[in-house]
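Consider the two complexes below, in which chain A is the common component and chain B and chain C are the respective partners.
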Partner chain A sequence: MSQTKIVGTSVPRVDGLEKVTGAALYTGDLKFPRMLYAEVVRSPHAHAKVLAVRVDKALKVPGVRAVATGRDFPFHTGIYMRDQTIFAIDRVRFVGDPVAALAAETPEAAHEAAQLVEVDYEPLPAILDVVEGIKPGAPLVHPDLGKYYVESFITPKPGTNICNHLKVRKGDYEGALAKCAHVFENTFTVPQVQHVPMEPHISVARVDLSGKVEVHTSAQSPFTVRHLLCHCFNLPHGDVEVVVPTVGGGFGGKAGINLEPIAVALAMKAPGRPVRVAATRAEEFYATVVRQGLTATLVTGVDKKNKVQAQKMYYLWDCGGYGGYGVNVVRAAGYTCGGAYHFPNVWGDSIGVYTNKPVGSAYRGFGMQEIHWALEQQMDRVAHELRIDPVEFRLLNCLGPKKTTVTGQLLEKSSGRVDKCIEKVDEVLKLRARGKKKPFHGKGIACAVKAPAMPNNAASSVIMKFAEDEMLEILISGIDIGQGLATVAAQYAAEALDLPMERIRVRMRPRTDFSPYDWQTVASRQTWATGNAVLRGCEDLKRQLFEVGAQALGAPVSRLELKDRKVIDKKTKKSVPLAAIVVGYQFPDGHTIGGPVATSAHHVPDGLLFLHPETSQCSKPVAKWTFGAQGVELTVDPETGNLRIERLVACYDVGKVVNPGLIKGQTFGGIVQGVGTGVMEELVIDGKDGRPRNASLMDYKIPTALDIPDKMEAFYVETPQLDGPLGARGIGEHTMIPTPAAIANALYDACGIRIDSMPITAEKVLKALKEKQRREKEGEDVQPAAASVAKVRPPARATRREAGRERPGGVRARRGRAK
Partner chain B sequence: MRHTITVRVNGVEERHEVDANQTLLSFLRDTLNLTGAKQGCNEGECGSCMVLLDGKAVNGCLTLAAELDGHEVATIEGLGQAGALHPLQSAFLKHHAVQCGFCTPGVVMTSLALLQENPKPTELQLKTALAGNLCRCTGYRQILDAIQDAAKTMRAQSKRRTA
Partner chain C sequence: MLLPRFEYRAARTVGEALTLWAEQPGARFMAGGTDLIAQMRTRRKVSRVVDIKQIPELNQIRESEDGGVAIGAAVALSALCEHPRVRERYPALVECACQVGAYALRNRATLAGNLCNASPAADTAVALLALEAKVVATNMDRSRVIPVEEFFLGPGKSALEEGELVTEIVLPARSAGFQGSYHRQSRRRGMDLASVAVLVAKGGEGAPRYRVGLVSVAPTPLRVRAAEELMEREGPSAIARAAEAARLACSPITDARASAEYRREMVGVLTARGLAALA
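Let's look at the complex of A and B:
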C-alpha cells in the first residue's frame, strides 16, 4: 500500500471546536416556536389486556392540546419484524409499554394530564424468564405472531414465543463428538443492560397543514427512520423529512426507530404545532430499548491433540416484549456462534424468545459481547481442564487464513488475523512467559470477532461539491455519534485529492430532503462504507477537474496530476489552480468551459449471499470480519470481592488505522463500557411483577473516571481489507466485546473461581471465594485446575443419541439426563 | 411564587423573574438560551449540567434559580471561542477527549473548578473530582490526559503572569 499523508495521522476532530465551545446543537437544544411538550402514559403491568382507555378527564386539563391512543393509530412498526404498534391497542407486553400520549403547552400540564388517563387492564400471566418462555404451553406474548410482516431472513414460530431461530449445522457434529477424548458443557448468562447514552432519546415532530411531516430526532439512521415512519403512517417519502442534529451518543440504542412515531402521532393531532417527546432518564432505562439477555449453553468436544472437533452452541435470547430489531441480533449471533474459532463440526441454535420485559435491540457489539462471555470462558475452562496454556489452546484452535467459519466461509489472508492479536496481547502482558504468581493476582485473555450485521444491500452514499472558493463540501448521512465519522470522511477526501484538512467541510447533520441516502449508522460499517463512497467520489471529482484542466493547459489528461490545490501538467510544470476550475474555467478571451464540479458516489457491499435456510451454510454471509483480543491483569481484594484492573491490553486487526487519536478513543471507550457490563451493570427486572428495580443512574451504575483500568494499552495489526477504504475495516463495536470474559478469565487465574453470570459483582466474587474456602476445608478436590465447575466426562451414549435430533431444547434435555 | 433575581452570567448582568422551582439549568437553557450545559438526567447523577457558581462546580439541575440573586455563574459559553480557546478546550481537541460531546461542557467546567483550586492535581485527585461527571463514550483516559496537559499550560501561563 502506498504511503499516506493524512489517513493514518491523528488530525483533530472536525466537529471538535463546536463541541468544546458548547456550540454544537443537540435535538434538545433546538427551540421551535409554539412547541408542545409530551408525556407518555405507560403500562404498569408486564402483561395485560387493555380493556379501555379513557382520556376525557385528561383532555380537560388546561393547556392540553392533543392526545393519542392505540385505537387512533393502529399501525405497526419495527425494522425487521413489524410486531409493535405505536401505542398498545389491546395488550401491553412490558412495564413501560406506551398506551397513550399527551401534548400540552407545558411539561407540567402534560404530566398532570397523563395521571388522569384511565386505563382498564386485565392482568395476564407474564413471562419474565426466557427459559419459561420457551417451554411448550407457555403463555403467548404475541398470539398474532403469524400475522406480522417479517423480513424473509427472520423465522419466527407462530404459536410459540420464538421470534426468530437461526440454525447452524456444519459437518457432522454428532459423529465428531462421539470420537472426542473430552467433552465439556457449561451454561453462562448475561442480563439485560442499558446503553445509557448521556443524551436520552428525544424527538420533535411537526405536521403542517399541507400534511408535510418534519421530524428532528436524536437518531443513528435518518433514512431508516423516514422509511419506517412512511410505512407506519402510510405516507410518501417525499412528505416526511427527518433531520438529525448532533447526537449525544447512541451505542445502538438510537438505531432503527424509537420515539419518532409517538411524536408524529401527537403532531398529527395538533397540526402546525411542534411536539417534543423526550425520554426521562428513568424511561431511558426501561421504556426505550435495552440489550437482550442471554442464556448460553455450550458443549465442546476436544480430541487427543487438544483440537476442538465438535462444538455445540445453544443461545436463548431474552428479546423482551417486541422483537423488531432484536431478532436480527439473534440472527447475527447465530451465524457468528463460534466466535473467533475454527470448529470443524458445529451444531448451533440461536433462538430469540419474547418475554414481558423491556425491549431488546441493537447494542454496541450486536450480541457479540454476550456470546463471547460464554465462548471465551468456555475456551479458558477447557484449556485449564486439559492443563494446557489458554493462549496455546486459543492459538491452536483459532480462525485464520484457510480456516472456515461456522457457516463454512473460507477465510483468506485479507480476512484479518486473530492469532497475531493474541500473540501481541501475550507479548505485552507476558501471559505465557510469566514469573512467579502473586496471590489474588491474575491475568486472562479473551478474543473477539464481529462482522457487520446488515441487509445484503445496505448502502451508503455521499454528495461532494466544491464551493466557489474551492472549499470541498461533503454531505454524508452516516451519523457522527461520537465515533469520528465526519473526521474520517474528510481525511479520505484530503488524502485522495491532496487537499489540506482545512479545505474540507463535512456536512454531517443530515436532512433527508437534501442529503444522500444512507441505510444506518450501525454495525461498525461507516468508516468502511462511507469511506469507500468518498474515495469513489474523489475519483470522479478528479476526472472532472482533469477534463477541464486538460483543455485549460492544452495537455492530455494522462499528463496531469492533482497536487497542492492545482492541476499540474507533469511535463511542462504549468498548472491551473483548483479555484479557477471548480465552478467553470474561463479562458482569457472570456469563453467558459466546465461548470460547478460536484458528484455523488455510493457503496454497497459486494457479493453477499443469503444463508442456507436450514444449515446457515454460506460462502459469503457478511462483508468483513474484524478480529481482536484483550488481556487483563487484575488483583482481587479477598475482603471485599472488589477487582482492581491494573492493566488492560487490547489488540485488533483493523486493516488500516485511519486516525490513531480517534481509534484510541474507540478502544478505550469500548474497554470501559466493557468493564461496566463486565463488573457492574444489570437492569434488574423484578421476577414477580416485571417492574424495573434500578431505573436511575443512582441505582444503575456505569463506570466513572475512578472505575477505569489503571493502565489501558491499545495495539493494532494492519492486514489490509481488500474492499476496505485504503484497507480499513470496522472497529467501533469490537472494543467492548471481549472485556468481560477477559476479566472473568483473569479472575479465575487470580483465585480459582468462576463467575458464569455477568456482571462479576463484588458480592458474587465474595460468595464464590467463601464457597471455595468451604470446599477446600472440607477437603474436596479443588486443585487449581479442577476448581472449575465444568463437567468433564467421556462422550456418553446419551450425547450421541440426542445430538442428531432437530430439537431446539436439545441441550437442555441432555443436561436433564446428565444430572 | 416568582422571584426577581440579578445574577452575573459569564460576566454579563442578567435580571429575570424566575419561578420558585425553576432550576439553574432550566434558567440557563430555557430563559437565557445558553444550551451548552446539558440535561442528562435532571437528578444530579450525570454531571452534564455542571457550571460554576461563584467559582465552584455545581449541578445546574440541583440548584434553584431563585437562589442565584447576587451571585456569579460561569458556563462553557463564557470560557473561550474560536481563535481564543481556553487551554482546557485546546487540550480536549488535541487529546481527542471529545466524542459525542454531550458530557464535554460539564466535564470542562468541573475540571476548570478543580484546576483553579488545585493547579497540579494528582491522577487520583483528578479522577475523584471527575467522578460525578459521566462520560459513556471516551473511557475517560483521553479526558484525564487532556486535563493534565491543560493544567501544565495553565501553570505556565500563571507563572508568566506573575513573573
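Let's look at the complex of A and C:
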C-alpha cells in the first residue's frame, strides 16, 4: 500500500469519550456481591529468617474470613525465573516481602487483623548495595538459586548473588584496546525508581465452588497472568479466567504477574467469595516492583581517526530481592550494551545482582534509559576530551546500514537510521552551527536504541468479526494503557478494508475465556505485532467477502474490489453492500450462501535466534530496532543549581507514523517521564535497614505540568520496517530513553560539570559548580571533563593486558592516557 | 493507608465547637482537614473530629477594630487569595498563600489550619510572621491574643493550649501595604513543600521597613530581625550582609528534601534575591 487514507492521520482516540466521561470502568470500580477485602502482612526487615508465623489472634477478629501464609502455598512463581513464593516461607528478602495475607468483610477488619499476625524473625545481614552483593563471600540472598526453574536464556550463578550474567564478546577487545591512541573510563549510577501509575495495582479473585478461578486485575498481560497463575497453583489453563478492565497506567509495572497470586491464594481459602487485594500508594513504591538500579563502568578506546575501536561495558544491576522479571532486563541490556554505536571490538558484561531491596522489574525502556545514561555521557565526554564536536563524533561512530551491533548482527537499510535522527536534532537545535555561547546556557544531545525484549515466540493474535449491520468488531488482548493501541488497531483495519473509523469497534477489555491469545503488552511491540495480525486478518475477511461477493455478483474474484462498504465488480460497476454479505448472502429466490464473516489472525516474530551462550554473538537476536535522538537546550541558575529546560527536541525513526497525534502524545509523555527520572526521581532505600525513606507522593516527586520543558518538538524519520505493519516499528518506550543523558550533556555544555549519578538535582549541580570553582581557584589543571563530580580516578598503572582479563570489576582506571 | 474510625461532628457556633471538644477526650478541631486527615491515617489518634467549617462567623474576612483585617479560621486559602481587600493591603500574604499545595487543595485548606499545624515548611506562616499578625484563640473561659512571633514552638508544636480554638487571625493595619517577594526552592516547581523559602517584605511610611522570614530551615518559621535592621539602616548596599545574617540565623537539618548545607546556602541566595527584587 503506497498511499494510505487513514493510517498516517490523526484520527481521535477510540477510547477517548469513555475515559473523559468516566464511563470506563477500572478494576477498583468493580463491586462484586459478598466481596472480601484483603490486607497483606509484609516484612519489616530487609533480610531475615522467618521462624514462625502465628495467625490465631488475627483469625479471632470479627469479620475475618481467610488467612493465607507461605506454608499454605509453597509454590514458586516468576516469569523468567521462578525464584519467588507467593508468601515468604522461611526467609524474607526485602522490606515489604509478603509474609501472610488476610481477607475480611471490611478493609478495617482486615487491617486490624493484619496487625495481630505475629511473625518471629531472625534478622540476617542485608545486601543493600550491588557492589557489596557481588563480592566473594557476601551473604546469599538466595541460597537455593541452583534449584529454581529458569528459562534457558537466563544464566544465574548458584552460590553467588548473581541472578543473571550475559557476556558479550565481539572481535578482539584486548588487542584493539592496546592499539588505541586514547582510552577513557568512567562510572555512572542510576537509582531504583518507581513507575507511579495513576492507578495502583489491584486484583480481585474468586474461586467458585466448582474450582474455577476468575481474576479481574489491573495488568498489562492477561494471558501471561493466566499462564503464570496456572503454573503457580498447578491448574489447567481452562479453569482460570483472567479479565482485564480498563487499566490506569502500567509503564511496565503491571507486566508479568504481581498481586494476582495473593488474591487467588486468599480466594482459595474463602471459596465462593471474591477477594480484592489493592496496593496502597506506599506499597506501590516499595512492595510491588521498581526499576532496577544500575552501576555502569565503561572503557572506551579510540584510534587516531576518532573512531572507537574497543569498548568495554560492565553493568551491575540492582535487581532487588527477586529476579523473576528483572533478569531479562539484564539480558536485554547485555545484547544492547553498545547502544546506538558501532563498536568493532566489544567486551560486555551485564550482571544482575540480588540485593535486599525492592524487586526490580520491567519499566518503560527495559534497562535502556539506564545504560544510555552511561553510554551517551561517555560518548560526550570522549568527544569533548578529544576536542571533537559531540555530534560529529556520534555520526562518525553510530550504527547504520552495513554496520554491526555488539552481537555481530549486520544492520540493513531497513533497520532504521540513527544518523538521520542525530542530523535532524542538530538541524533544529543548531548544535553544530551555533552562534556565540551565553554563559550557563547549553545544548546537548543523546541517542537511543531499543529492541523488543521478549521470547523469540512472543505472539499476538486478533479475532475479527462482523456484526449484522456490518460493524467490524476487533477483539484484541493487547492492553491499551494509554498508548493508543485500540485506535491504531482500528486504523489498520479501516485502511485495509476501506471502512470508516466509526464502523469499527475494538474490544479492548480482554477475558482470556473469549479473547485471542496475546503474550504481553510490553516491549513497544503492540502496534507492530497486533497491527500485523489485524492486517493479516483483514486479508482473510476480504477473501471471505469476495468469495460470497463473487457468487452474488456473478463475477470472478479477480474483478472484485472492496470499497465504500461494498464489494464492487470493477468491470460492471455492479456492487453488493457488505451488510448483505456479513452474516450470509441471500439471493432473490431466498436461498442463502456464505455465513457470518469472521476470522482470527496472528503475528509471531520471524526468524529470531538464541544468543551464543558465551559470546552472545547472533545474527538476529531481536525482531527490530528503533533508533532516535533527543536534544536539550537549557539554562542553569549558578546560584541555586536549578535547571530550566527551554527546549527538548526528539527525533525517531519509527518506520511509519500511524497516527501523528498519538505518536506526539507518546513522545511528549516519554520526554516528561524522562525529565522526571532525569532530574528528580529516586526511591531512597536506607543504607542501614533497607527501609524506603520516601514511599509517598509527598516525598517521591514526579513532574507536574510546571516541570515540563518550556517547548517540546517531535520529528520522525520513516525508514520502513520490512516486517512492520505498513512499515511501522515500536516507539512507546524509546521516547524516554535518551532524555536524562541529553540533559546531562547540555548541562556540561552550559557550565562544564558532569553529574554521573541520576537524578540531576539542583543540589548536585550546585555542589559540582562549587567544586569546579574551587579547582579553578586553586589553579588545578582542569581539563573540561575532569570537572566531574564523580570520583576522578588516578592515571592508570594497569597494563594493557589487564584491561581485558575476565573478572568482575575488571576495568582499570585510565583516562586520556595517550594525550 | 486506612483512615481509622472516628466520630465526626460539625459545630454551628464557636460555643458548640468548644463543647463538642470538651465532652470527648481525644477530640480535635478541624478546619480544612488537609493536614489533619493525612496525619490521622499515619500517626495522629483522634476520637472525634469537630468540624468548624460550618460556623458562619469563622467564614468571614472582616475589617478589624484597629483598621487591619481579620481572617476567620474557616476561610479557605483560595477565598483569601481572591479577596480584593486582602490582595490590595496584604499582597505578601497572598503571594505566599497561593504557593500552598495545588488550587484544589487551597479550596479546602485554611490559613488557621496551616498555622496550627505548626510546620516549619508552612508557606503562610512566614507571611504572618513578617506581617506581625496576631492569633485569636478561644476556650470555654476566655479569649486571648497570641502574637504569631510567639505562636510557633517547634515542629508541630504551637503555643495553643489544650482545648483552645483559633477563631481568627488578625493582620495589623501597620503592616498594610507591605510588598512581598517570596522565593522558594523545591524539588519540583508545582505542588511541593518548600525545601527552603525566603519571604522578603518591604513597606511602611517614609523610611522603608523590611521584614525577612525563612521557611524550612529551622524548627519553626523564622524571622531575621538582624537582616531587617541592616537593610533599614543602610539600604540596598547592605543586601549581601543582610543575606549573610539570614544564613547565620537559620539552623537547617538534612532530610529527604535537601541537605542542611544546601539549605543554608539557599537562604543566603534567596534572601539576597528577595531584597534585590524589592530594593
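In this section, the second predicted complex is superposed on the first by the 791 of 819 C-alpha atoms of A that agree within 3 Å, B and C clash if a C-alpha of one lies under 4 Å from a C-alpha of the other, contacts with A are read in each partner's own complex, and residues count from 1 in each chain.
The criterion applied here is as follows: contacts are C-beta pairs under 8 Å (C-beta built on N, C-alpha and C of every residue); 3 or more make two chains touch, one makes a residue touch a chain.
If you're wondering where the values come from, they're calculated on a predicted model, not measured in any experiment.
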| field | Chain touching more of chain A, residue-wise (chain B, chain C) | value | B
| message | In the overlaid three-chain picture, which partner chain does A:L706 touch, first (chain B) or second (chain C), both, or neither? | response | both
| request: Pick one for A:V684: touches chain B only (first), chain C only (second), both, or neither. | output: second
| request: Please work out whether A:T280 is in contact with chain B alone, chain C alone, both, or neither, and reply first, second, both or neither. | output: both
| Contacts of A:Y26 with chain B and chain C, given as first, second, both or neither | first
| query | What is the contact status of A:F251 with respect to chain B (first) and chain C (second): first, second, both, or neither? | reply | first
| request: Using the touch definition from the top, say if A:A178 reaches chain B (first), chain C (second), both or neither. | output: neither
| request: Would you sort A:A496 into first (chain B), second (chain C), both or neither based on which partner it touches? | output: neither
| query | With the two structures laid over each other on chain A, which partner does A:R693 touch: chain B (first), chain C (second), both, or neither? | reply | second
| task | Could you tell me if A:V41 is touching chain B, chain C, both of them or neither one (first, second, both, neither)? | result | neither
| request: Report, in rising order, the residues of chain A that make contact with chain B in one complex and with chain C in the other. | output: 280, 698, 703-706
| task | Could you pull out which chain A residues touch chain C in their complex? | result | 107-108, 111, 280, 282, 639-640, 642, 680, 684, 693-694, 698-699, 701, 703-707, 761-763, 766-767
| note | Listed in rising order, chain B residues that touch chain A in their complex are 29, 33-43, 45-46, 48, 75-77, 79-82, 85, 89, 92-96, 98-105, 108, 126-128, 130-144
| note | In their shared complex, chain A is touched by residues of chain C numbered 1-2, 5, 185, 187-193, 256-259, 262, 265-266, 269-270
| field | chain A to chain B touching residues, read off their complex | value | 10, 12-13, 15-26, 28-29, 31, 195-200, 246-251, 280-281, 481-484, 661-662, 664-665, 667-673, 696-698, 702-706, 708, 712
